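Got a structure for you, written out below as structure tokens; questions coming shortly.
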Amino acid sequence: MAEAVSDDVHVFPFRVYYEDTDAGGVVYYANYLKFAERARSELLRHLGTDNTALLKKYEVMFAVRDCSVTYFKPAHLDEALEVHTRITGVGGATLSAHQSVMRDGKLLTDMSVRLACLSPVGRPARLPAEIRSVLATLHKRS
Amino acid sequence: MAEAVSDDVHVFPFRVYYEDTDAGGVVYYANYLKFAERARSELLRHLGTDNTALLKKYEVMFAVRDCSVTYFKPAHLDEALEVHTRITGVGGATLSAHQSVMRDGKLLTDMSVRLACLSPVGRPARLPAEIRSVLATLHKRS
Amino acid sequence: MAEAVSDDVHVFPFRVYYEDTDAGGVVYYANYLKFAERARSELLRHLGTDNTALLKKYEVMFAVRDCSVTYFKPAHLDEALEVHTRITGVGGATLSAHQSVMRDGKLLTDMSVRLACLSPVGRPARLPAEIRSVLATLHKRS
Amino acid sequence: MAEAVSDDVHVFPFRVYYEDTDAGGVVYYANYLKFAERARSELLRHLGTDNTALLKKYEVMFAVRDCSVTYFKPAHLDEALEVHTRITGVGGATLSAHQSVMRDGKLLTDMSVRLACLSPVGRPARLPAEIRSVLATLHKRS
């Protein structure tokens, strides 16, 4: 279960635990958004930074502006899953990504997400140039 | 903080607790899907049934097929919020709803959700006629 | 499902939703700590304040120092439960409480919790006199 | 961040994400129980089984009977933590463990937990002999 980036796709492996499931016997629908956020955090870390560093060094944070999720197949306790993340757009103060939750190469859940870069008090802020260029590189590869 | 239904809108009031917030000082984005699900459960209860009864009596359960969320303003610890739910479509085996999270009449988060009616093993199932007619009544009022 | 305080016990009613359950078909064990925290927050509100006000007015917050939980019976989806909270000790900078999760008068889960009063940077802080006296009153009644 | 077992201690590494934190800027107290449960699940997997297999093969599951948690130091967003798990007792139908959440060798949170082995309908069940002997080996080493 190692992290990987091939071409433009960042792959974040994770495991399903009891906390992720519900009485329907499957992963609770809101928890896919947690998995996606973990993957975005690991993508940042892969790029040499993290949420804490962004806040300290650049005084910015990311907030989700909108997301659209389609649930194709359920996931279950103890399964080994992956989030595949692809950057689909880098703007002056926004970032778009496409994220898929996969099991053994099968698509379980698909998500499009748009993030805004914000100041600590929640005002729109420009993406730091350094971060922007790294993300843009990742984006261009796609 | 009492539940209310005026015309076609079901209003579910709730409070923001520490568990709902994150280190950004606001409600974590995935938790709005929890609030929306609580509201849908209370709407069912308002209609005289609940998830447990649906499963026992009709052997069906609801699963979210897709949802689309827009985040306008953040919510914070201790705030009193409401989920406003409107049924926007009732099909043979599906159900659509529009759900808004409000604070003092201001829109914080907007969500469109489509649910499928499933058998206990996850196969598509027809909405029980009884439930369908109640939901359709609620829908027609809108 | 209305909040109530009789003598020394604060009663917080709540409902079990899908988010609270796990694939074992029961409420996930960590979530009882969420219910207990909601109840403590509502107890504060009942006493005329809340976590946000404590931080703004007195620059203090509560943090759990230790808790001990015994699980007697499981809770399930859609059940109406209550947290019964009794203040068992009020110190200069700490607070102890006993909290029980009940269903129809039956004890499901029992918890003892000790909280510390902290400054915003996490240093021990004295309980504000005003809060202390209100809590002590509640405590003496027991 | 690789799993490890040295002598009698199972080490489960994990990362703190936004979902784990609260508006106090630290990891929410209930979430340490999630981390501990993940670690117990990985310990099972390390022993050659998992929760799903236990249920299918032996028709048993584990439920927490009681747990006692002491919070020494807070954890924060983006930190790399570990759960250290030691089996402290193996009975006919119960299992005891001591679990510590560590950061860079420093103890953040300490937990004692007792689990019961249950049938799918929640009745006490004997620990499968195979599982018991593996756990006992792990225990004897301590």
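For the reader, a short list of remarks on this structure follows.
Order of writing sets the chain letters: A, B, C and D. Residues in each chain are counted from 1.
We adopt the following convention: a contact is a pair of C-beta atoms (placed from the backbone, for glycine too) under 8 Å apart; a residue touches a chain by one contact, two chains touch by 3 or more.
Keep in mind it's a predicted model, so treat the numbers as computed, not measured.
Of the two chain pairs shown, C-D and B-C, the one joined by more C-beta contacts is C-D.
Relative to subunit D, the chain whose mean Cα position lies farthest away is B.
Rounded to whole angstrom units, the spacing between the C-alpha centres of subunit C and subunit D is 25.
Subunit B and subunit D have centres, each the mean of its CA atoms, that are 34 Å apart.
The centroid of the Cα atoms in subunit B and the matching centroid in subunit C are 27 Å apart. Annotation for subunit A: residues touching 2 or more other chains are 18-19, 24, 26, 30, 34, 37, 76-77.
Judged by the touch criterion defined above, the protein chains are all mutually in contact, each touching every other. Residues of subunit B touching subunit C in their complex: 15, 17-19, 34, 37-38, 41-42, 45, 50-53, 76-78. Within the complex formed with subunit D, the residues of subunit C that make contact are 24, 26, 29-31, 33-34, 37, 61, 63-71, 74, 122.
Residues 18-19, 21-26, 28, 30, 76-77 of subunit B are the ones touching subunit D in the complex.
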